[in-house]
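Report on the following structure.
Labels run A, B and C following the written order; every chain starts at residue 1.
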Amino acid sequence: MKRSQWSATALAAGLVVSLAACSSGGEGGGQSDSLTLLFGSSGDAETAALEAAAAAWSEESGVEVEVQAASDLTQQLGQGFSGNNPPDLFYMSWDQFQTYASQQFLEPYAADLPNADDFYPALQDQFSYEDEFYCAPKDFSTLGLVINTDLWEAAGLTDADIPTDWESLRSAAQRLTTGETVGLSFGLEYARLGVFMNQAGGSMLSEDGTEVTADSPENVEAIEYVQSLAADGSLRFPADLEAGWAGEAFGQGKAAMVIEGPWINGALAADFPDVNYQVAELPAGPGGQSTFTFSNCWGIPAGSDTRDSAVEFVEFLTSDEQQLAFSEAFGVIPSTESGAQQYAEQFPENAAFVDGVEYATSPVAFAGAAAVISDFNASLEGLESADAAQLLGDLQSNLEAALEEAQG
Amino acid sequence: MSTASVRPHRKRRLSAKLRTSIVLGYLLLVALAIVYIYPFLISIASSLKTNDDATANPLNLLPETWSFAAYDRLFTEVPLPTWTMNSFIVTLFVTFGRVFFDSLAGYALSRLNFPGRSFVFAAFLAVLSVPAVVLLIPRFLVLQQLGLYDTYGGMIIPLLADAAGIFIMKQFFDSIPAGVEEAARIDGAGIFRTFWSIVLPMARPALVTLLILSFQGSWNEFAHFVVSRQSTELNTLTTGVASLVSGQLGEGNQYPLRLAAAVLMTIPVAVLFFVFQKRIMNSTEGAEKG
Amino acid sequence: MAKRSGIRSNESVAGWLFTLPAILIVGVFLAVPVLMALWVSFSDWNGLGPPVGGRAQFVGAENYADVLTEEGLAQRDFGTSIRNNLYYVLLVVPLQTALALFLAVQVNRRVLKGRGFFRTAFYFPSVTSSVAITVVFLFLFTASGAVNSILGWLGINGPNWFNDPSGVLHNLFAVFGWTSPGPLGATGPLGLTWWDWLSGPSVAMCALITLAVFTTSGTFMLLFLAALQNIGTEIDEAASIDGAGAFRKFFSVTLPMLKPTLFTVLTLGLIGTWQVFDQIYLTGGGSPGKTTLTPAFLAYQTSFEDLRWGRGAAIAFILFAIIVALTLLQRRILRDRDEKPKRRRRGIDGDPHDGATAQAVTRLNAGAGGAP
């Protein structure tokens, strides 16, 4: 009679143990014959291009690469690092880079790359922490004004009407606005509104990066200008147009002009191949021309077992040849100066994006700024009825607190 | 017609006013029933529409053109079969684990006199009040420390036993007369055998209740799988479909696809629900009576 | 006698053996984690390395202070999440309870034809997963979706539900021309202005409130139904025939007898509504404009995305404290009630564990499978 009790418990315990045992595998040792790559994709075009690049390199190097498109890159990275199981290689976005670097999550490998000096200096700065160049810029993008040429002509507009300043942007947007179509659309976030602030002559930080200047009168002017466009009815945001992002609204013909980067090329080619469009530089504001550069770098976890293989793969990925293949697939601009030059020759229709590099700035991104920016983005959802000075006042105090902590 | 079941001698006394109120009552109930059912019907219908049709005619129960594109995509582009398999693996382990461990513990707490019994019982009762969402971060920490993070084990083991189920089983065993086991024990059967072959079969109603609740609970579980895994290969239907909503594929309007996934993931619990409908409708009653 | 004590000691061993697997699982995945998280909530662990015995430093109550007393973004986010959740609770709990009670009374009527059908219809949403049902609601509540189409028939121009961050009370104030905070612009508790506290739930939150009422009313309907069947059918029959007195009878006879169940449902609702997570995760983590952010989601986000594990754990423990306080309140009210009417009807409210059983069933029912 005792035996049956024991056997029941043994069975129970056995079940637990065997489950634990069969599951504890998987955490690899030092082998570098396979890599995992986690990335945030802008769409099928980017996913396919990365898979193709990985396959090509695997053939060359014999190292297998598992390519994983993240459904939420920030969350998956955070969980990966905290779970002691980060991917071997990943997209590290510009807005999270400083945070990750300051928490010592990243391997500083970029300075050792043979092509380290080929990258645009601005991009090298963007991915440096405490003067150490951490990770290789993957590519970069600027924002431009994307115009639906069919709607443009239908509204009786010509090349001479292409907006060059805020006033001509306003009038073009008004003329393009019809029952079904809104003149202008862009994502309601700092990454778009910020260019208006810079065009007005404003900024988030003083030039030496020690003081927050978010609540400057220039920034207030920019917000009020955007609010007035929305009040005109010639600017509406993607969510109001039932679109996931401005590119989708543009493809569906719900918006005649959008402010997006070169990634829109790939998305339009894949989902809306019949839309005719052209890209212009962003119009200048009272303070001159301005646009944002965005970039990801190829992140490698600090102390990674597979560091060497990953670095080799990065070399391959950042070669001009491979970067131009990415450009072809989903429109990004190569992160090296030589690559970008070839790009401008090869894709004259995207010249406006490359031209923007002249006066482009990086969005504010010091460690801890991301949380403040996402708070600002959240507060923007009430933009149309909000008080511009108050919005920026909140941003100012939050940024000040974050900057103090970052420098702390 | 609505008064048909009322006994005749009362029927005479039904005033016109009352009759209207009964009819109105019915109309209200039918309207409510439509409100409760229609969303599911729309979901099924819209999953068979094209993107544009689903957006343009959200209320139509018949697609303008029948399109199986959403389902086709679910089985080609989206790894739905993997998600389904994972859901079944997790659900089966959790369901049978819970039924077994909960009834073992419930039996001991109800019928076996052992030192510390009341303490153990009190501890389980206390545990019952720890809210599940509070455990998300703690669970993750422990799974990570035990090396169970991002494994089937980490997804399954923490759910294998639960205080609520133990409680239900204990309550049920309390209601079985003690004489049953006495006889068996006099025959020389061991405690486990008495439990396994005499008492447990008598507990079938409670076991079925626990089975249903565990299946439903683990099939529908979401938060635990968010924090216990990250690999896409370990996605269950809940986390997988969630990635359709919020992630890369979530960009843009793809309602037929998402609704098709929602419809498919509901089928197993719906089947379970209709098979055990009687029992489910009575289970809470039984529990409430104690 | 000898045999008797043999059984005793066998029982001791068996008792522990039988409960051991459950104790191990619950202990390792519940008690230990809670203790570990308690430590993390007093540390500066950033996710790198082990949380215990690694580089993580003890920082005292700093994480708690960040969200409770220290002015700043962290405190305001926490305040916002509490405000949102408070409105959610204030609306969901009464609505789901009233609706569940109404449905239970209706489907309990003897004279009702097709009772089985109605019960099934009302209960079915409760068995579906939160993920599936949220997907369905996201579709129903798009700007040109089903709900707005129906509102359109009534001549109402429906809002863009899940994208509308405006608070319904603010909107209501605006009807009366009160659009600026005025004296309410002063900062109130947790870094929010009094004006912000009075925003009401956002339009987006209202859609989530509808979702919650839709999915939980069926479960609670079953609890009420069970109690109604215990009370017996005479009252119900009488009430349904004697038209004029039906309302009066319901409020003076039926409702008092349902009081124990009513208490159970109210407190279960109160506890459950403080735990909204799945729906928030699926509708964009607090968007639009953080108006659907809840403490449960904020804790998750702070830890897993911002990598401030200590602060995330601290928020989770504050939430825990809120829920424990509500549970204790429930226990006290139940005990007070039990003592006064001296066990009137043993069947329904005599057993002090009734509440716990109902809680057990409802928790499992509600799909909270993660709760051990």
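Operating definition for what follows: a contact is a pair of C-beta atoms (placed from the backbone, for glycine too) under 8 Å apart; a residue touches a chain by one contact, two chains touch by 3 or more.
Source: prediction; values computed, not measured.
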Per CA centroids, the chain at the heart of the structure shown is C
Contact-pair count is greater, between A-C and B-C, for B-C
Subunit A and subunit B have mean C-alpha positions lying a whole-number Å distance apart equal to 40
Subunit B to subunit C, mean C-alpha position gap in Å, rounds to 17
When centres are defined as mean Cα positions, the distance from subunit A to subunit C in whole Å is 37
Where subunit B touches two or more other chains simultaneously, the residues are 55, 101, 104, 140, 146, 157, 160, 191-192, 227, 242, 246
Note: subunit C residues in touch with at least two other chains are 10, 13-14, 18, 21, 25, 142, 144, 303-304, 309
Residues of subunit A that touch two or more other chains sit at 1-2, 5, 8, 12, 16, 79, 82, 242
The residues of subunit A that touch subunit C in their complex are 1-2, 5-6, 8-9, 12-13, 16, 74-75, 78-79, 81-82, 99, 103-105, 239-240, 242, 371-372, 375, 378-382, 385, 398, 401-402
Subunit B residues touching subunit C in their complex are 2-6, 10, 15, 17-18, 21-22, 25, 29, 32-33, 36-37, 39-40, 42-43, 46, 54-56, 58-59, 94, 101-102, 104-105, 107-109, 112-117, 120, 124-125, 127-142, 145-146, 157-168, 171, 185, 191-192, 195, 213-214, 216-224, 226-227, 237-238, 241-242, 245-246, 255, 258-259, 261-263, 265-266, 269-270, 272-273, 277, 280-281, 283-285, 287-290
Listed in rising order, the residues of subunit A that touch subunit B in the complex are 1-5, 7-8, 12, 15-16, 19-20, 22-27, 40-41, 43, 47, 68-72, 76, 79-80, 82-85, 242-245, 248, 271
Within their complex, subunit C touches subunit A through residues 10, 13-14, 17-18, 20-21, 24-25, 46-48, 72-73, 77, 142-144, 160, 163, 165-166, 286-290, 303-307, 309
Residue set of subunit C touching subunit B in the complex reads 7-8, 10-16, 18-19, 21-23, 25-26, 28-34, 36-37, 40, 50-52, 103, 106-107, 110-113, 117-125, 127-140, 142, 144-146, 149-150, 214, 218-219, 222-223, 225-227, 229-230, 241, 243, 261, 271, 274-275, 277-278, 281-282, 284, 296, 299-300, 303-304, 309, 312-313, 316-317, 319-320, 323-324, 327, 347-348, 351, 353-354, 356-365, 367-372
